[in-house]
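Every chain is named by a letter (A, B, C and D) in the order it is written, and numbering of its residues begins at 1.
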């Protein structure tokens, strides 16, 4: 149940009262107070009715991330980026952190192309247990140094609640990967951090499942969340690794205030199609792109087949920016 | 088996010889001769080896529509449109033909917005047998008059081999709908016509199935074929009618020389998302868009929910053109 | 709108009146009269209210095939088979008719194993236009002779409205294939015939689409319809050609009175898994199975990979019968 | 690379040598030694060639769970159950543990119906963060007491690596849920335990992804793994929550030695269809079933809609046993 109060102060009073009654899952946005698990207004008889503007009984179960609770776009501010609204953000970097020199070189190219966020994995979710699993903390250190040297934000994946503190000592933005979209313990763990979280869509997650996963993060207090579409599982595995679901982008822009970005590298699976796939997402309304790059794709430790060269990235980012200017 | 000959004339000689041996499914493109169902070169011992440049034994089963057989883009020329290559084509009109006045009014708007092809259905493939099935020949007549009055090409769906002659008396371009993508008798029937065919993708057709369906048309002699992506069936029916499969567009541009267009009206299913979906397809490389319009969407006889108003179409087409200029 | 009258005679009176008012799509089942496209009871003021037991305003759009209109199971009677209800029917035969001797030999095996219906294709819906397309009328003749010789029903696929009369001169049961599930002209054509129709499910057809396709047949007057589940398109093409959708079987048994059969040969795609897949469908409630057989699978003209040998069929049918006895 | 040695002892010698060379991911099954991440036999020059029977260079990446490495069926022995091979196992219990009395009562019914494993969730993976999340350790205690009282094995879900030790103090079998199939940290954590693990299939996991997830557990040393099919995501959400993928069962029986069970409760989503769905899985070759039961389904704390009553369970288990006798 969402109660729209006459002003912020009245709303804050309601929150304070609710907490004194031990009510759980009470959240405020400006002059709105959301009671995430209360369906019956009788429980809210303590509220001063004179200050109530509107009672919204029908709202999505994933309340905090909905526009019903939070009508205007969320803006996420980091040291080097402002994400959301009409802004357009570029994230780039290697799939896996390989060495101090390599991540720095890739970061330099990324920054020159307009990226403000340097991505790279030190903990890699590999389908097979015997594949390279990432460099761990050593990778985090090199990644941090590169980001600091270049004046970029660092973003990296965290795969387990036990790693959240360690990863959080280095990164500026947590990435939650596709396979962990419904790893609820992990979502709660990053929900207790004070840093933005990028939440990738599960392989065949519905809109409701995805928004509910974001709500897990928000329910712990962290509302700095970005969503990232990365291609859904489809039926033609001969030619398509995944299908970039552009159709979900305008749907999400309508339902949620969170920024929506896209990852054409994983959607396409092969470098030749990353540009077309990425530009499609931008034209559909994505507020940013994340691209994997490598100077020598055939020698990449992970997923070289889908890595763009720095030159290809420059061309993609220029076109992406131009398309964003047309559609925003 | 594809035999690349030294020149067109030598290739034509091979074709003539092959026919004298009663060989079937022999096709020529410039200096290439394709034997669609011959896998063993021994059967081709009659060919003068001195004139052979290359023998291509490995080629897609859907040979004629592949770039292996026909490397450069197919260009389709109608009275008012040139489709394919770097061109960008706009098709618009009502879902169903409703009246002489209505199709003319919609055509006027479409033309003003830059469309050169006027679409509209007189034979409607409705899921339910008791729904309005289209006006039949009366609709074809009104459609033809509108197209002639406005100097546009007429495009309309044909649903049965028995209707091909009648529809062919009116239309400039045959449309084969999603549900009929593998209606092989119908594909053969339009394959015997001398007019372009637009072939929509089946609801969950693979790339190979789609190209093979196009090959059915080509196998009867008609190679003026356009492909149209219209959204695939996906798993989230609560928010998405279909998912526009932008990922298939760069794949097709690589595999086939046929023009690829997109239908965001059916992919999105609701007017609010048609623009974003359509622009995404253009950014991915679609060489044209087809849009359903209606001046009073809520009163449309069929699928009004997905119809854009003429004003919305103008805005979409302007942006689409701008994006096409960036990506082509 | 469905009107339940006090008895058959009263219902027939309503039908006669309705026709005198030129009402379309009026159908009767026992004492029920269904008006498929009337939603407002005002149009039915001519009905004598004293004879009305119940008015059912909410019913599926595919009215005739629903249990709302026709509560008890449809039983289909042919010369050699009774299909539906608690019966269990076996259909077997070669994928394609190959020769008079071959179809007779396969029929003999099929009959010995308990099959009463001899299947075989003379018009084959092949993905590729250059693949063997079936023997046409010659195949129909051999197929008819084999069925007559053995005292079995003949079932064969028809692919085009133009072929319905010819095929109908030979066959006892029409088969509509997966790719033609929404070939509405074909559905209407077999709907005008006086012979049972087996309607396979489309590759990714929803329940509503499938039942509406059956309704197309019924809307033309032919209500002797069987449904056949044959595997749906799924996402793991490496190991599974299709996924036998057993979950749809109990759903259909609830929604419709039409018999539901299953085709494990096409679902599995490889002979090794046909038995497990077929038995699963029976356990889920399928009222019959159709199996493709070949005495020399590796030499079959079409789809030999999925053909069981006659011996394997015997074992499958014995187990199927035993499982049906447990679950019916 | 798999090396088949002349006998167990020779194989063990190879393992000992390999460890002395610091080789990782070396596993032995009887007289076979598997080197999971070695592709070049030159690295294995230390092996005494006289004792080598066969070198298998081509094997699935998920080596340990494949029949290439471990040809015969895995048998899992617990205090009260023997799972795998020709055995058929029944698992039943409430979705969530609700009280000491309730789990005991449900366990009594389950045992009477033939179940040897008592399931129940104390940590519940709920789509929405505000839904009931389970009773935690209190639930584990009640669950343990019920299992001990009845002489049954206890099975319960674990959702986070941090909970593995605690849950392991109570449970006999760990359950990994659908959403965590690729939660690699969790898979590794249960891989270090000395208790059987039941691994449910992800919502749209391919066979290779599923087997690789099992391999994660095995790679840490725990090879007591069962797989559970629980329905895949499909495209018809109006009538089907999930589609029980019976087609995958014979495929898995061929590829892996691990026992395959099925969960018709989650596949069907509604009690009415649980029996048909469960029996289908058994007919397809599943070696056991897991069923959710509740004496008052409408009052269940979680997923009551899909719970069978104890009486319905008895009928299902009798039929399941009879079908298993036919197909095993």
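As a convention for this text, contacts are C-beta pairs under 8 Å (C-beta built on N, C-alpha and C of every residue); 3 or more make two chains touch, one makes a residue touch a chain.
Chain by chain, the UniProt names read as follows: A, B, C, D = 3-deoxy-7-phosphoheptulonate synthase.
What you see is a predicted model; the values in this text were computed from it and never measured.
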item	value
A-C or A-D - the one linked by more C-beta pairs in contact	A-D
Taking each chain's C-alpha mean as its centre, the one farthest from chain C	A
Computed distance of Cα centres, chain B from chain A, in Å	38
Chain A and chain D: spacing of chain centres that average the CA atoms, whole Å	32
Where chain A and chain C are represented by their mean Cα positions, the distance between them in whole Å	49
Touching two or more other chains - residues of chain D	204, 208, 233-236, 238
Residues of chain A that touch chain B when the two form their complex	204, 206-208, 231-232, 234-236, 238-240, 242-251, 254-255, 267-268, 272-273, 276-277, 279-285, 319, 322-323, 326-327
In the complex, chain A residues that touch chain C	204, 233-238
Of chain A, residues touching chain D in the complex	25, 36-37, 61-62, 125-130, 159-163, 179-180, 182-186, 202-204, 208-209, 212, 215-216, 219, 233
